[in-house]
Each structure stands twice: as structure tokens, then as C-alpha cells.
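One structure coming up, written as C-alpha cells, with questions to follow.
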Amino acid sequence: MRLLIVNPNTTEAVTKRLVDAASGVASPATTISGLTAPRGFPYISNRAEAQIGGAIALEMLAERHAQVDACIIGAFGDPGLLGARTLFDIPVIGMSEASMLTACMLGRQFAIITFAEALANWYRDCVGSNGLENRCASIRGLRTRFASIAGVQEQMEEELIRLANLAVAEDGADVIILAGAPLAGLAQRAARLIQVPVVDPISAAVKQAEAIFALAPRIPAAGSFRRPDPKETMGLGDCLGARITHRDPMPVTR
Amino acid sequence: MRLLIVNPNTTEAVTKRLVDAASGVASPATTISGLTAPRGFPYISNRAEAQIGGAIALEMLAERHAQVDACIIGAFGDPGLLGARTLFDIPVIGMSEASMLTACMLGRQFAIITFAEALANWYRDCVGSNGLENRCASIRGLRTRFASIAGVQEQMEEELIRLANLAVAEDGADVIILAGAPLAGLAQRAARLIQVPVVDPISAAVKQAEAIFALAPRIPAAGSFRRPDPKETMGLGDCLGARITHRDPMPVTR
Amino acid sequence: MRLLIVNPNTTEAVTKRLVDAASGVASPATTISGLTAPRGFPYISNRAEAQIGGAIALEMLAERHAQVDACIIGAFGDPGLLGARTLFDIPVIGMSEASMLTACMLGRQFAIITFAEALANWYRDCVGSNGLENRCASIRGLRTRFASIAGVQEQMEEELIRLANLAVAEDGADVIILAGAPLAGLAQRAARLIQVPVVDPISAAVKQAEAIFALAPRIPAAGSFRRPDPKETMGLGDCLGARITHRDPMPVTR
Amino acid sequence: MRLLIVNPNTTEAVTKRLVDAASGVASPATTISGLTAPRGFPYISNRAEAQIGGAIALEMLAERHAQVDACIIGAFGDPGLLGARTLFDIPVIGMSEASMLTACMLGRQFAIITFAEALANWYRDCVGSNGLENRCASIRGLRTRFASIAGVQEQMEEELIRLANLAVAEDGADVIILAGAPLAGLAQRAARLIQVPVVDPISAAVKQAEAIFALAPRIPAAGSFRRPDPKETMGLGDCLGARITHRDPMPVTR
Amino acid sequence: MRLLIVNPNTTEAVTKRLVDAASGVASPATTISGLTAPRGFPYISNRAEAQIGGAIALEMLAERHAQVDACIIGAFGDPGLLGARTLFDIPVIGMSEASMLTACMLGRQFAIITFAEALANWYRDCVGSNGLENRCASIRGLRTRFASIAGVQEQMEEELIRLANLAVAEDGADVIILAGAPLAGLAQRAARLIQVPVVDPISAAVKQAEAIFALAPRIPAAGSFRRPDPKETMGLGDCLGARITHRDPMPVTR
Amino acid sequence: MRLLIVNPNTTEAVTKRLVDAASGVASPATTISGLTAPRGFPYISNRAEAQIGGAIALEMLAERHAQVDACIIGAFGDPGLLGARTLFDIPVIGMSEASMLTACMLGRQFAIITFAEALANWYRDCVGSNGLENRCASIRGLRTRFASIAGVQEQMEEELIRLANLAVAEDGADVIILAGAPLAGLAQRAARLIQVPVVDPISAAVKQAEAIFALAPRIPAAGSFRRPDPKETMGLGDCLGARITHRDPMPVTR
């Protein structure tokens, strides 16, 4: 299976981190590739950026979907996920969705631990739009400042682990999700130090993408994820416009 | 108050219809203007188009927010609403949000009537993200085909009214919301023929925008709608990028 | 628009405070009047008093509804609101309802701050009967005693502001509602000191009453707010009995 | 135990029917008495009447609570229930509350069958305020007109039974509640003809009142049902005012 | 009424404690008997043990149901309750169910206090399967170790009372449930020291069993608690197998 | 990975069908084995049988868990799932759980289609205990009788497909789950004829088991799925007792 990680952020290092973590858990038959957003933000961290980054993710997928078998939206909060699932025929998996659904098989209640408390309400939207409020014990984030997003998981490792164990002891969490692409890979290092199972969103997403691909679900001909009928568009990227209009994209010369 | 209706669709006729309906209910002190999306879709009708149209709405607002006092996102489903509320300092109101909250003051349960049944699940997302599931009696849409979106409210008026009265009789609705910009203005004509109060989303949005503007709420310095700290962006429209980076946009020469 | 504030309490000073606050935000075209309960309690502060005060509010409205265009129930908890909406043809708005719905347009989650912690569970009923549990971050009230209800907002201002900011920092509130008629007007003074938008219930109720009046919804001929058929009554106040029996009240001589 | 049925309606025949049905299931040690509202409505059938009737119920209880050991509010919708529980020291039980909680021990989902479909939304409020939405399979009421409330259970018996069996077959009900004082006693006659257990609200209320009385719970000194501190009142019935002010009522001479 | 307490644990002392507490509140016409599990665990304290203990409860009931009029499952968490209600014709009541439903008539929100914090998440399942999440203010358990389950209520009495009062002061509880068979009887001693009504699960269960028995609900001929059609079984206890196969059990010789 | 399908029913043919369907989707590295319940029921179809069958599943797992890497509970309704997850160190996956979580990645709302309408309320419990009520559009089952459970999927194929398409058209389902072990494998044949993606529970369970195994979550040392401390048991199967007592089982001689 050719699995594409669409990173809706512009930071190559994050894409690389995601691809590395993904490769670590992928089945031998899975080939991982990554795609970094050509425009947008170094890191998506609020509802506005998720709105824009999600649209960019659709542009990216429009260009590449035909060359892959499945795709992961590589940012917590799953920007663009439902739109992508509407437009494209391949399985599209979100990191938050995959990690929460996976966590449901490891305990009754999960907690989400992330690197900034300011993300909590936005993440809560995401829990809600998945209808999983009553599986979520709490969302906790760092209150302290850190030097850089790139280094946050190393710099703040101890504090993140403390928050995770607090969520277990105080909030009744049976499972911990370490959320946010900048924390990709931390789960593995921290597993020993957190008292309950830890879900790494990119890892969960890889396994869920493989699962869905293997199940080979049919493309919907009805329901709210049926591919919309052709529609004229104006001023969208060529590939995205072509996909929506049901026409071939212009040949690209690069 | 200068009130801007941001139509995230590319159809001028819809903008005009919205502006006309809005002008009919606006207070004398309110000046209504409309802005049609320079790119995108003639009509937003699914989650993918809402993702893209919402991002376009942010671009549009980035260009114009400084010249107005409040703004309405002129499409049911409220594409870009929470993002806009995050980025800009003026009140931003969504048509679905405003119509549902208004309906809550007119009865216990509202029903949403729209022009295509296929919209129901996506509208349900919107009810859910407003946390109003238990105020919503039902969502009903036309099952029959119609000639054009532009003329749907005239052509299908009788059937839409029948659906509304069914929602009252069968689903327990105390209030009807006639949803979707193409139905703007129908409420007034249909009011006599529907047994319960009818909410016209654009009208509700105008009154709610006036209400919020008059209350002059402070700009949040905390919480999840605090304007994000400056952040570098890449390849976004100049005005949107400038807003996000906290810098002045380039002077526009047109 | 002639807007009546029905204060279901017997304290003239509270009515005056409400009328003053209301006048401060009303549109030029709105004339505010107040009516103090002729019997009942100096202040409604539990479910029993709300039951009785709500019935008194209906008596008050029965006497005055024909002379006004819309009405506000001037007590948090909205005593008598749904009954009034059932019996009378004019828009009737509740202060808690209006403040919560307004808050929904200013953020994802609101917190209610009030002057006595003992009110929390009863207010929670009110959040619940509006179906807004998942928009409510928390309800916090003063634990300390204060000298008099009349002076509580001045005397306890600092502590109320501290609670509000705690609700932002600890409970994830994006908006604060300062609840209870005795706090009417505080919002304005406190706005600067609370980190997020603050909703003043009487102000919100005025703007919502104006909004609903302007939308001119039809009087329901079906649904659960249709005016009930005539029914004999016994021993109710003359005006209330007349309204319920669909007859003219006795001429009053005063 | 002296058990008082407070009928907040003015129809003696309904009180008698309730007392008769209650006597049929009461324990030998229970003495049933009834009290008919001295003012109000022949039958409470909407939110406005419940507001007023509930306040009248409090007046009635204020006069009689000291002479009894427990009390039932004898109208579906439980008008005045929470207020009564706040003010008085004896157990107060509601007919809807008791029937729904009892039904919960007889199956997973109950349906409420009543004599007029127009009652459904108001009854739904009651289900909601008890937090039992997810135990309620449906609420169904007669759509046809009937000659008189007094004779509805006889006249419409067949149709009511048909609705009950429909709720079982179509809505997944495991238990049926025959709701509304005018249906008191029907349960017994209909039991054979309805496929699942049937709960008669007044019977359930009697047994729950006996249960609570026997458990002899302490009078709360905290929480939201603690008896409020003394408070001045104005113009309330003497006994009710006295109860609220914590003083002895005036000696009655009759 | 002959009321059987099925203790799905193997500890005779717990059965005795339950029978004693039950006898203290039972009506004169009620005869209490107890049955201790012949196999299983000294005390059920997690989901695995509830699964097994619940099946054992069914075996016990299969042997004895014909000799009694009603039965109580004597362990918090109600192991086997719904299965028993499916298989047998007599009323079957659960201790947690009965205590929560009873608590609902004593206040808006209850808290569950138990002897080990580790039980909280499992008890939460039970609140959820009863659909009572929004009536439950909190679940609090001892964090400290105690010498023996048999003596926990005496040894830890003070701390349990402190937790109960904390639930009132911090969590908004109007009622306290002292949960877990090892705490049976404590409610009575502690009532004076806890500020709100306290529900003792075994006592509540006795009164609810008497209530349901007195109401004499019909045996369901439809719905999800209709007794299943005869089915072959293999290797179950003789009485249980006989009940499921609708045949007479083998004569027992002991 | 050695993956065991624990069939808590006694019907070998069902085990075989499950193993066959599972083998069809398993990764090359997965070895599937099946285990049929040595006692119990030919088919589990209500809450009582799930209680007993779940306990039997624990006995079966106690005997075999050490020889496998992961396990699936092979009956819809997931009997014994949470207990198994508490007691054993290997991943344990339920067929209903896995199919519902998988369905969540294929659409917003799923419907469950099964072979007998009588199963609906019990399946609803399962949806509820997974906290997925708001993802479930409907549960529909055959109302007509069929000759045998073994042949139901062939005999009733057309009707099952009709129900599935009805759930899409009428209930808003985006995904269909064909539930119940007797339908294992039907999904594949029916996929072409059902308009939306179809989830086959055993297939979903296999892929989820592989996913969880690959993620190698740590064994919980806290939370409500921590393995309980050693506890004495009485009269349980030797292996199950040994597992609970933390001792070695007796050597088996067979």
C-alpha cells in the first residue's frame, strides 16, 4: 500500500518526523511518503489555521491522490478530513480521529495531553465532532512556555509525562493520547513512564489506514460522503478544480 | 453600523438576494454591503466545499474587516465562522448559528427545512457543533429534483411549505428554519402558510449582528478566541497573511 | 418598540437597576418600562420562589401585555418564561436564555458567575432546560457572605472578577455571564478586568427582544406554544383568568 | 403513613379518581387523603397552567404539610414538585417522576402514552428535566378529539391501547406509562391487552412515597434542596408566606 | 412477600450484613432471605468479576426464583441484573439501580461514595448503563489502604463521611449514595454527620422491590425483556439450563 | 501474530465461518485460530445469554491466552470484552466495538442491520456502552421468520440488503454494519448492492486486532484496566481461577 502523509503545515521537519514515526510502525507492505504544505503555516494551532490548512490539504490531495492508495492528514485536529473523505476515493484518515478510536479499544476513557493548554478548547471541538465526549476524561496541556515547537517534546518531556500521569490519577484516564504532530514519536520513549497505554497519533493513523485499506470498502454511491456531482469552480488550484469539476487536470510540467 | 455580508460563494445573484433580504430587516442605522467570493463555488453544498469556502471567507474578511463594524458569513453551515471569530476583532455571525439561536427563543424545538435532502447530514454537523442537538426536532429536505438553485424557492415553494408543516405535525417542531442562502426571503412569503414561526437565516443573522455590535463585547485577551500571536505564513493572500503575521498588508492598487 | 421589563420580585430598586441598564443599551426606537411584582419575594433565589414568582409574572403580564410590544422576564432563571410564551402573543424573552444564547456567539463555552454558590444547581437546571449543557464550562458563585443583595455587586466586585478570571483560566470559559439581577450593570464596569467578553443578562435580553420584535415572527397556530383553547378558570387574578378564558378583563378603575 | 394527594386542578372528580386508584395499591399502614385545588384550572395541560398550578400546589401544601407524612403532586408534569421539595420537610413525590423511575426497573426504554398529542412536547420537558431522555423511547398521544376529559379513558380505551402496542412494536418500548391524571386506573384494565408492563403513575407515586418515607432520609442541611433561610414575603397566602418566613401561620377559623 | 437477596459473592458475612440491613427497613409483610454464591469471589470489584459473578447470580436465581416473590442482586454494579430480568418472571432489583433511582427523588444530583477509588470507572459504567450520567455529580472513593473489606466501614467511617461532605461542598451533590455491599448499614450511622440525605443501597433496593411487587406488573410478552423462546444449552448448571430450555429441572437430592 | 477467535457460542459451524472470514482479510503474518465454547448456547441472542456467554469467554481465554498474541470475542454484543481486557495482557477486541469504530472512519453515521429485530434494544445497549449513540443512525432487523440461523444470510440476503438501503435512504446512514456472527462474510457478497460502505464485523475485528498488536501498547499499571491484585476464588474453572489468583494453572493432561 502506498500511504501518503499530507502535512498541512509548511515545516519539512515535522513531515520528516511524521514519516519517520510512521515508518517505524508500518507493515512491510506499506510504503510511506510525505508531502509538506507548499503554503500556509509552520504549525496549525487554532481554528482559523485549521480552516485554511484544511483547504490546503485538499489542494495537496487533489494533486497526489491518484498516485497513492490511502492518506493521512498529518495534523492533530484533522484539518480537511471530512472534506477529503467527500472528494476522494481513497481512504483518508485523521490523526486525532485514529488516535481516539484506537484509544477506545484500550480503555474506557482517554485523556489528551498536548503541548499548549491553549489548544484544549479547539481539541475539544474535535472530540465533539467525533461524538466521543463521553470517552474523553480530560484534555491537559502545558502551561509553561517552551523554546521552540521543534524541540518541545525533548525539552518538556518530563512535564508532559507528569501531566499524563495526573490525568490517570485525577481524571480517571485509562489511556493517554500524546497529541500534536510535534509530539510524534514521544509515545515510544514515554511509554515506560506513563502508567497506562499511550497512543501515538501518527502510529495509530498508519495502522488505521492499513486496516481500512485492507477492508477495501466500496466508494459510496449514496449518503453524505458520496462524491458530489460535477460542479464548476473558479480560481481554485488546477488539480482541486479538476477534481471537483470531474475533469482531467492540466498536464503539469515540472 | 457597517455590516458586511461575506458570501463565500461566487454567485453575485445570491449575494444580491442576501443583501436585499438583509436590508429589509436591518435597523435604519445599519448599512449593509455584500461581498461575493472572487473564487470558489457557485454554491457550497457539502463538507469539502465548506472547507474551501470557509478559507476563502477568511481571505475576504482579511481584506475588508477594517472597513466594517460587523460581518455575516452568508452561507448556511457557517463556513469559516470560528476561524473568522478567532482572527478578527469585529463580531462575526453565522447564518445557521443565528437562526438556530433565534429559533430557541421562539419555541422548544426547531426543524430545519432545506432544498436538498443530501444536505441533511452536513447540516446535522452544524447543529452538533453548536451543541443544539436536543433543540433540533428534524432536518428535512426536498427529495425531488429542481431546475436551478436560483429559482428553487419559487419553483418548489409549495413543497417546501408542505415539508415545514410536516415537521410541525410529525416531528414536534415549534419553529421552522428555512435554511440555505437560495431560500433567503422565502420565509416572509411563506409565513402565512406555515403554522409556526419561521426563521429566515439572513434576517436572524442581521438582527444578531446588530445585537452583538450594540453590546460591544471586549476583544478577548484569553480563552480560545484570543487573537493568536503573530506567526509567519507562506503563500497566503497578502491581506490574510498580514493579519496572521500582525503586519500591515501591502498597499493595494486598484 | 415598547419593551416591558417584568420584575417578578418585589424590590423596586432592582426594577430600577434593570430599567437603567436596559435603557443604556436599547435602540433609540425602544421605550423601556418596568413593572415590579405587587406580591412575592424581595429576591427570587431558589426553585420554590421561581415557581411562585413565575406565576406572579404571568399575572403581571396578563395585566400589561396589551400595552407593550415585547417583554423581558427580569430575573435570572427565567421564572414563568415558557408559560408566558404560551399565553401571550408578544415576544417574551428571558434574561438567562438571552444571555446564554448571546454568549454562544462570542465563544465556544461560557461560564456563569453569580453572587451565591447556592444558586449553582438551580441555574444548572436552567442551562439544562435550554439544552445548553455542553456550552457551559462552569457555574461559579461567591462562597463568602455579603452584607446586602442591593450592594453585592459593589461590595464583592473584586471577588466576582476573580471568579470570572478563574473560570477562564481553569474551566476553559471563552465568555462570562454575570448572572442575577443584582449584578445588572456590573458587566460594563468589569469588562476591562475580565479577560474575555462579558455578557450582561439584561443588556442581552434587551437586544434579543429587539431582534425578535424586528423579525416579527407569526403567532403560532400549532406546536407546543400555540395559545391554548379557552378554558374556565377559578380564582385567578381577573386579567390572567380573562386571558386564559379568552374573554375581556373587567374594566379596572384606578 | 398519612399520604396526601395534592391535586393542583380544581376538578374534584379527578381527585377522587386519584384517591381511589391510590387506595387500591397503598399498604395497609397508609392512609390516603386528597386535596383539590381551591383555584386554578379544571385540568392542567400546558406549560402556563403548570406554572400557575405548581404555585397553587405550594399554597395547598403550605396549609396541609404539617398534618401529613408525605405527599404526591397529583398531575402529570409534576407542577411545583421541585419547589415543594425545597420548602417542605416531608417527602414530596411527582407522578411523572415516580412513573418514569419505576419504569426504569421494568425495562430499558419506556414510552409515554397520553390522551392528547399536544401534550407531547411539554411532557418531553419533563423527561428532560429528569435527565431521562435516553430511557424514553417515545411519547405518543391521541390525535382524535374526544368528548370529555372525564370520560376519555373509557371512550378512547381501545385507541390508547393501540398506541401503547405501537410504541412497543415501532419505538422499542419495553414499558408503557399511561400518563395524565384522567387516565388513572386505566393501567389495571388495560394490562392484559398491552404486551409489556404498564405503569400507572398514581400507583407508582404511592409506592415511591411509601418507599421514601420508610427510608426516612434526613432533611438536607446543605445542597440545593436545603430549606431556604427565612425571607420576607408580600401578598402570598398566609400559610405559604408563613412557611417561607419561618413563622407560625395565623390561626385559621373555619 | 418473600424477598431473596442474591449475594453474588462468596462471603457469608456480607450476605448476613445485607440481610440484616434489609430486615431493618422491610415491611412487616416482607420475609427476607439471603443466598451466598457457592462459587466465585469474596468480593466483586471489577468488570471481570462482575461478568463472572453475574453469571453465577443467574445460576443462583435459577435454583431459587420459584420459591420467592422478588429478588435483589446484592452487589453494587448490579452484576447479572439485566440477564435476570430477561430470564425470570419475578421482579429483580439491582442495588445500584435502586439507590440511584431513589436518590433522584431526593435531589437533583447524587454523588456515589465508595471504599476504593479504583472502583470509580467501573461504577461510572453502571451510571451510564442506567442513562443517569447527568444526575451524577461525582464518584469519590477512598485513596488510602484499609485493613480488611469486612471492617472497612468502621475503620474508615470518618474518611468516608469527609468524602461525602466534600461531594456536597465541591461537586454540588444533593444526595449521597454509600455504595458497595461492605458499606451496607453505614448510612444509618452516618446520616447525622452528612449534610444531605444518604441512600443506603440495600435499603433502597428492599423498598423498590416491595414497590414493584405491589404494582404487580405483567410479565412482558414483547419488548427486549420478553422471556426468550426455549433454546438448547450445554453444560450449564441444571437449573439454569432447565430455565433456558423451558423444562423442569432435575429433582435435587440434598 | 497468533490471533485467536473466541466464539462464546457452542456452534462449531459459526466458529468456522468466523475463522474463514477472518482468514480472508488477515495479513500474511497473522495466523488465525478459533475456539468454540465448550458449554453455553448455540447462539447468544439476549442479555442473559451474553452474561453467561461472556463468563464462558473468560474461561476460554484463561486457558488459551498464553499461547496467542491477541484475541477477538467472536459474537456481536461483545460478551465478556471488558472483563477480558481487565484480566489478560494481550489485546482483546470485540466485534461490535471494532465494527463501530471502523465505521466511524467511513462516514458520520452508521446503521446496524441484523437478522432479528428483537436484537435491536440489546444492541443499543452495546452502542451506548461504547458511547457512540450519536454516531448510530439506526438499528434495523428482520421482522420475518427464517428457517435457521445457519442459513439466514443466504435465505434472507435480499431482505437484509433492502433494510440496509432503507437505512441509507431513510435514516441517514453513511455506513452499514452487518451485525451478528451468522452474517459473517455476507458483507463481501452484498457490497455491490448496498449503496454505501459495508463493514463486516469479523473483518473489522481482525484488522483492529492487528493494529493494536502492532502498536504494542504497554500493559496498564493504573487505570480501570490494570490487572487486579491476586484474589482468592472458589469453584471457578482451574485456569480462570489461577489467572485471578496469580498462580500457575494445574497441569492439564489431555
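A, B, C, D, E and F are the chain letters, set down in written order, and residue numbers restart from 1 in every chain.
Note that a residue touches a chain if its C-beta (ideal position, glycine included) is under 8 Å from a C-beta of that chain, and two chains touch if they have at least 3 such contacts.
A quick note: this is a predicted structure, and the numbers were derived from the prediction, not measured.
Peer 1: Tell me the fewest steps from subunit A to subunit E, where a step is a jump to a chain it touches.
Peer 2: 1
Peer 1: Distance-wise, how many Å sit between the C-alpha centres of subunit B and subunit D, to the nearest whole number?
Peer 2: Computed from C-alpha means, the inter-chain centre distance equals 44 Å.
Peer 1: Taking each chain's centre as the mean position of its Cα atoms, how many Å separate subunit A from subunit F?
Peer 2: Taking the mean C-alpha position of each chain, the two centres sit 28 Å apart.
Peer 1: Measuring centre to centre with CA averages, how many angstrom lie between subunit A and subunit D?
Peer 2: Here subunit A and subunit D have centroids separated by 52 Å.
Peer 1: Going by the touch rule set out above, which residues of subunit A reach two or more other chains?
Peer 2: Residues 82, 85, 108, 120-121, 125, 128, 131, 133-134, 172, 174, 223-224.
Peer 1: According to the definition already given, which pairs of chains are in contact?
Peer 2: A-B, A-C, A-E, A-F, B-C, B-D, B-F, C-D, C-E, D-E, D-F, E-F
Peer 1: Would you tell me which residues of subunit E are touching subunit F in their complex?
Peer 2: Against subunit F, the touching part of subunit E is residues 10, 38-42, 45-52, 54-56, 58, 80, 82-87, 118, 120-122, 125, 128-129, 131, 223-224, 226, 228, 231-236, 240, 244.
Peer 1: Using the touch rule from the top, collect the residues of subunit D that touch subunit E in their complex.
Peer 2: Residues in contact with subunit E: 25, 27, 82, 85, 91, 93, 97-98, 101-102, 104-108, 130-135, 165, 168-169, 172-175, 191-192, 194-200, 203-204, 207-208, 210-212, 214-215, 217-225.
Peer 1: For the complex, give me every residue of subunit E touching subunit A.
Peer 2: So the residues of subunit E touching subunit A come out as 120-121, 124-125, 128, 133.
Peer 1: Quick one: which bits of subunit C touch subunit A in the complex? Just the residue numbers, please.
Peer 2: Its residues touching subunit A are 108-109, 134, 172, 174.
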